[in-house]
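In what follows, chain A forms one complex with chain B and a second complex with chain C.
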Partner chain A sequence: MISGWELVIGIEIHAQVKSKSKLFSSSSTEFGSGPNSQVSLVDAAMPGMLPVINKFCVEQAVRSGIGLNAQINKKSIFDRKNYFYQDLPQGYQISQFKDPIVGNGFIEIETDGQSKKVGIERLHLEQDAGKSLHDQDPNLTFVDLNRSGIALMEIVSMPDMKSPEEAVEYVKKVRSILRYLDTCDGNMEQGSLRADVNVSVNKPGDDLGTRCEIKNLNSFKYIHSAIIYEAKRQIKLIESGENIIQETRLYNIDSGETRSMRSKEDAHDYRYFPDPDLLPLILEDDWIKKIRSSIPELPDQKKERFIREYSLSEYDSSVIVSDKSTSDYYEKVVKDRNPKLVTTWVTSELFSVLNKKNLSIDESPISPNHLGELIDNIDSGKISSRQAKDIFEEMCETGESANNIINEKGLSQISDEGELEKLVDNVISSNAENVEKYKNGKDKLFGFFVGEAMKLSKGKANPKVLNELLKSKLNT
Partner chain B sequence: MKRNLNFIEAGSLLETSETTSVELTKIYLEKIKEADELNCFNTVSAEQALDEAEKSDLRRQQGKLKSRFDGIPIGVKDLFCTKNIKTTASSRILSNFIPSYESTVTQNCIDAGLVSLGKLNCDEFAMGSTNKTSYYGPVTNPWKSNKSDAKLVPGGSSGGSAAAVAADLCVASLGTDTGGSIRQPASFTGTVGLKPTYGRVSRWGTIAFASSLDQAGPITKTVEDAAALFEIIAGHDPKDSTSSTKEKENFLDNLNSSVKGMKIGIPSEFKSDDLPLSTQKAWDDCKKLLQSNGAELIDMSLPHTMDALPTYYIIAPAEASSNLARYDGVKYGIREEGKNLIEMYEKTRSVGFGDEVKRRILIGTYVLSSGYYDAYYIKAQKIRSLIKSDFNQAFEKVDAILTPSTPSTAFEIENEPTDPVQTYLNDIFTVPINLAGIPAISIPFANDENDLPIGLQLITNSFEEQKLLNIAKNVQDTVNYESVPKNWWQK
Partner chain C sequence: MKFDKDSLYKLGKLSKIQIDESKLKSLSSDLGSIIEFIDRLKSIDTENVDPTSNSLDQSLVMREDIASDVNTANEILENAPQKELDFFSVPKVIE
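This part shows the complex of A and B:
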């Protein structure tokens, strides 16, 4: 990135577990409900309340661990992480410190066509805190405990990434895997997935530099630009003879800068200790096996299969499988159809519309069925590619099906030889002079005859059939 | 009405219609009023009690009893959350707290038809052995020395629960025991106090002191009463992850006082020259008694007994420092406003907690701090497992262990040592049991030279409460301890 320097990046991802109820209580986890409407006695830490583990959240963590090729620990322990804050009702967060539920694993990422392994150090379960609202009153802070107690998975990578691109690919890949597993919805805008990024710089051959942690990045763009800013900041400091202070920093999305939040010296002493209200979490082999056997096809496997079954290029396959919804969409369209045509339409036409309108594939104005219908019409020669593009545009605007548009506008192609022959005869007889010139060697005039015939057909003539007819008539 | 009516007797009187729940409840409410000086109750819920008593009498008329003890008035330590009734843990910080929910223990009592007279005074957050740390002032022991008119401590932390039973202000009561908080006050007041196996009684809705040690239990007038009330409150609770799934037994009906052929262990580590002669004599007399009833005495060793107290005073404060973090002025309880969040915390907790609670929060915070954690907390956990294994090994050879409950009898309220460690020594015979998670009972055996009750402690292995109660009944029935305090407090 910056010549003469190496970057070392490690990432902690906080992923909200997809589950109906919270980690230690039966309150709902639904997003966007009224403040404090999803708070049980346990979530509010009323006196004498006790946590009871939500088995489904444990299952989701195990599922995620398997998806990250990681070791599942049959015994794990919940610890209390003690600190005071208004939105932390218990005065401690229940987390896992020394004995997490998931140990070492790895994932494969790809940048510039190069694939690379990134190590996973661990995945552990913990409770989310509530939310402090500072903007409701000039003098008061309001607390919303709806989020308090929701299950999070903290996924810690090894410091294996060397560039902002790799960092982004890593987060994208983890997000993709979790979405395939249906263990996290990956919605970064709603905060269901956020990343803390550790960055350090060093000269090649030197020891690792001092790292700084940038907290709470919730988009790929911010991850990318925060790392670049932070690396440049550190390099500048070192080059001017200063030391990097190990600290936690926040990224300002407006200025694109990071600023210090707290240094290591000010770091909390969390006084971790095993939560005496919870017994060690013991997992049975059979139970893990059962979960393992229910793991769906994951992006890497799907990519290989798409290359095999649909003859996709490496690149196209990567793009399509990177998002589960996209791959589902693709598979719905490609079923019993020409894969090449489908791939082109999905990756170029559909993607460009989605990009332009800033929509996700789930919000696509064209359903897989409608796109399939359009492709069927192209494949059968009923419409030309040119027509198809117009129809596609109209489909985007109106949401109508391809067949309806074709029928309504009488857009279907004329491929009937008899009908076209009449057109061709008409063109030849009314342009005798040019026919003469063509026959005397002015080959270029062929295009003129095609154009005239097309005009007569109002653009509906099948160009292939038309060409053949014209050639045979003119050459006799 | 008989003085000192016990639980079983009350049940019979109600059954034979010699009294009604309303009548009993009124008598006890009157007694409570007269005993104001003892300061046993933080809250007397007279209206609710009479209301519940009426309902019980109606059930009896209709033959729809919830249990054979339906209608008996009891007292509840102010550590159990009770729906719509103030629950303070005897702390200023919760002095305005009214729960919207009922603890599992008190719900079990409601389900058996018992009538709660109110909330009993205790040490603040159950931290203390004298009941002097209560925000509502000390409880006075109904017993007095025959040599002095000085007021005595009832022990703690369930001081109100024990004193109320001894003074007959309720038929029986509920306490909690983290390091001796049921057995020590029972010993100081001539009552029976049972600390069940950890996990037998749900902790849900009981204000936590030290989660890995806390266990609720009955304080009663007889061993039979203890069996009956224990049976009511025990049982699996899915809301408490540490609750045992073991089937609840019919402890009362299965009481069998024979000790023939039983092996009773006498641990050498509990012997001490510092033990008062009268306590030593009571212990010796009890050994002889059991022996003559057919039990065999076994000299044995619990090598880590002397490490129990320091271990306890690391683990209990560590857990407490975290458990009490929720009392921060944000959600419930009192709040002292400050310029900012930190100042609000500091003011609220400075004003809300008493000295002993603050001391333990500080100790607990210290032993969990980075750099000290291994030296204190981890080491204490290791010793805790050694203490457990001492008992495990012992119970391979003996059925039960007999010790004194406390190193002394009740002392003067004004004479509490200024060094807190001296006060902590009160728990020296009781804390090993909590660390091991096993059950133990304190029963009154004799009075000392000052006419103050001496309690003896019986200990069995986990989930052997039936055996524990059986042996205790044997001792009770043989020794026939019938002393009660003179009711000097009645105006």
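This part shows the complex of A and C:
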């Protein structure tokens, strides 16, 4: 990226478990409810309240661990991470320190057609904190505890990434895997998945540099630009003879800069100790086995299968499987249909409409069934590709099905030879003079006959069949 | 054993508790004796004992994922010393 320097990047992803209730209480996790409306006495840390763990959240952590090719620890322990902050009523976060539920694993990422393994150090379960609003009042900070106690999976990577592109691909891949597993909805805008990025720089051959952690990045774009900014900042400091201080920094999305988050500097002494309210979490072999057998096909496997079954290119397959909803959509359309036609229509026509309207595939104005119906009509020759594009556009606007539009507008192509033959005969008999000229060598007149026949069919004649018929009739 | 001044200040800072200079001596000796008492545990040989072993010999009990607490705002905010628009409000925290 910057010549003469190497980058080392490690990432912590916080992924919210897709559960109905919180990790240690039965408050709802629904997004967007009124402030403090989903706070139980446990979440508010009322004296004497005891945490009871949510089985579903434990299961999702195990599922995610399996999806990350990681070791599942049959015994794990919950610890208290102590710090004082207004959005943490307990005064400590229940997390896992020495003995996480998931240990070492790895995933494969791809940049510029090169694939690479990125190590996973661990995945552990912990509570989310509440939310502070600093901009509602000049003198006060407002606190909403709805998020307090929601289950998070913290996924820690090895420092295996060397460029902002690799970092982004890593987060994309983890997000994709979690979405396939359905353990986290991956909604970055709502904060269901966010990344803390550790960046350091060093000269090739030198020891690793001192790292800085950039907190709470919730888009791929921010991850990319925050890493570039931070690397440049560190290089500039080192080149001017200064030292990097290990610290936590915040990324400003407006200026594109990172700045030191001094308030947390003293807070690094977390005084972890096992939570006396929670016994060790012991997982039974049978239960883990049952979870393992319920793991769905994951993106890498699906990519290979799509290449094999539908003859997709590496590239098309990567694009389609990278998002679970897209691959589901594709597979619904491609079932019992011509894969080549389906791939073209999904990756070019449909994607370009979605991009233009800034919609996700789940919000697609055209359902898989409707797109399939359109493709059936193309494949059977009932409509031409030209007509299909117009129909497609109308489907986007009205949400109507292809068949309805074709019937309503009488758009269907005439491919029936008998019917077309009548047309051709008609054209030949009413243009006897031109037929003579054509037979005497003026073969440019062929286009004229095609045009006349098309006119008669009101543009509905199948051009291929029409051409063949005309040729055989005129040349005898 | 006494709890030294620096540790005492650090602990106070981490817990956001202001420690009055005049209380320093008594606090230091009070906390010191608590730690001394706890430290007696160190004399027990725990070489082969699991740090989280317990006399119950049982694992964490799990509950099903059912959301049941709803519309808690009034109840939860009842004890708040200060509130605004269903939020807890605290002196401005600047990052």
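One rule holds in what follows: the second predicted complex is superposed on the first by the 418 of 476 C-alpha atoms of A that agree within 3 Å, B and C clash if a C-alpha of one lies under 4 Å from a C-alpha of the other, contacts with A are read in each partner's own complex, and residues count from 1 in each chain.
Throughout what follows, contacts are C-beta pairs under 8 Å (C-beta built on N, C-alpha and C of every residue); 3 or more make two chains touch, one makes a residue touch a chain.
Values in this document were obtained by computation on a predicted structure and should not be read as measured data.
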Touching partner for A:Ser367 - first (chain B), second (chain C), both, neither: neither
Partner chain(s) touched by A:Gln90 [first = chain B, second = chain C, both, neither]: first
Partner chain in contact with A:Ile53 - chain B first, chain C second, else both or neither: both
Partner chain(s) touched by A:Asn403 [first = chain B, second = chain C, both, neither]: neither
Contacts of A:Ile282 with chain B and chain C, given as first, second, both or neither: second
First, second, both or neither for A:Ala45, with chain B first and chain C second: first
Partner chain in contact with A:Asp137 - chain B first, chain C second, else both or neither: second
Which superposed partner A:Gly34 touches (first chain B, second chain C, both, neither): second
Contacts of A:Asn434 with chain B and chain C, given as first, second, both or neither: neither
Residues of chain A touched, compared between chain B and chain C (which is higher): C
Chain B/chain C common contact set on chain A: 41, 44, 52-53, 82, 84, 86, 91, 141, 143, 269, 271, 278-279
Chain A-facing residues of chain C, complex: 10, 13-16, 51-52, 54, 56, 58-73, 76-77, 82, 84-95
List of chain B residues in touch with chain A within their complex: 80-81, 87, 89, 94, 97, 99-101, 103, 203-208, 210-212, 238-242, 318-319, 321-322, 324-326, 328, 330-332, 341, 345, 365, 368-370, 373, 377
Residues of chain A defined as touching chain B within the complex: 41, 44-53, 80, 82, 84-86, 89-92, 141, 143, 269, 271-273, 276-279
Chain A residues touching chain C - in the complex, by the definition given at the top: 19-21, 25-30, 34-41, 44, 52-58, 77, 82-84, 86, 91, 132-134, 136-145, 250, 261, 263, 266-267, 269, 271, 274, 278-282
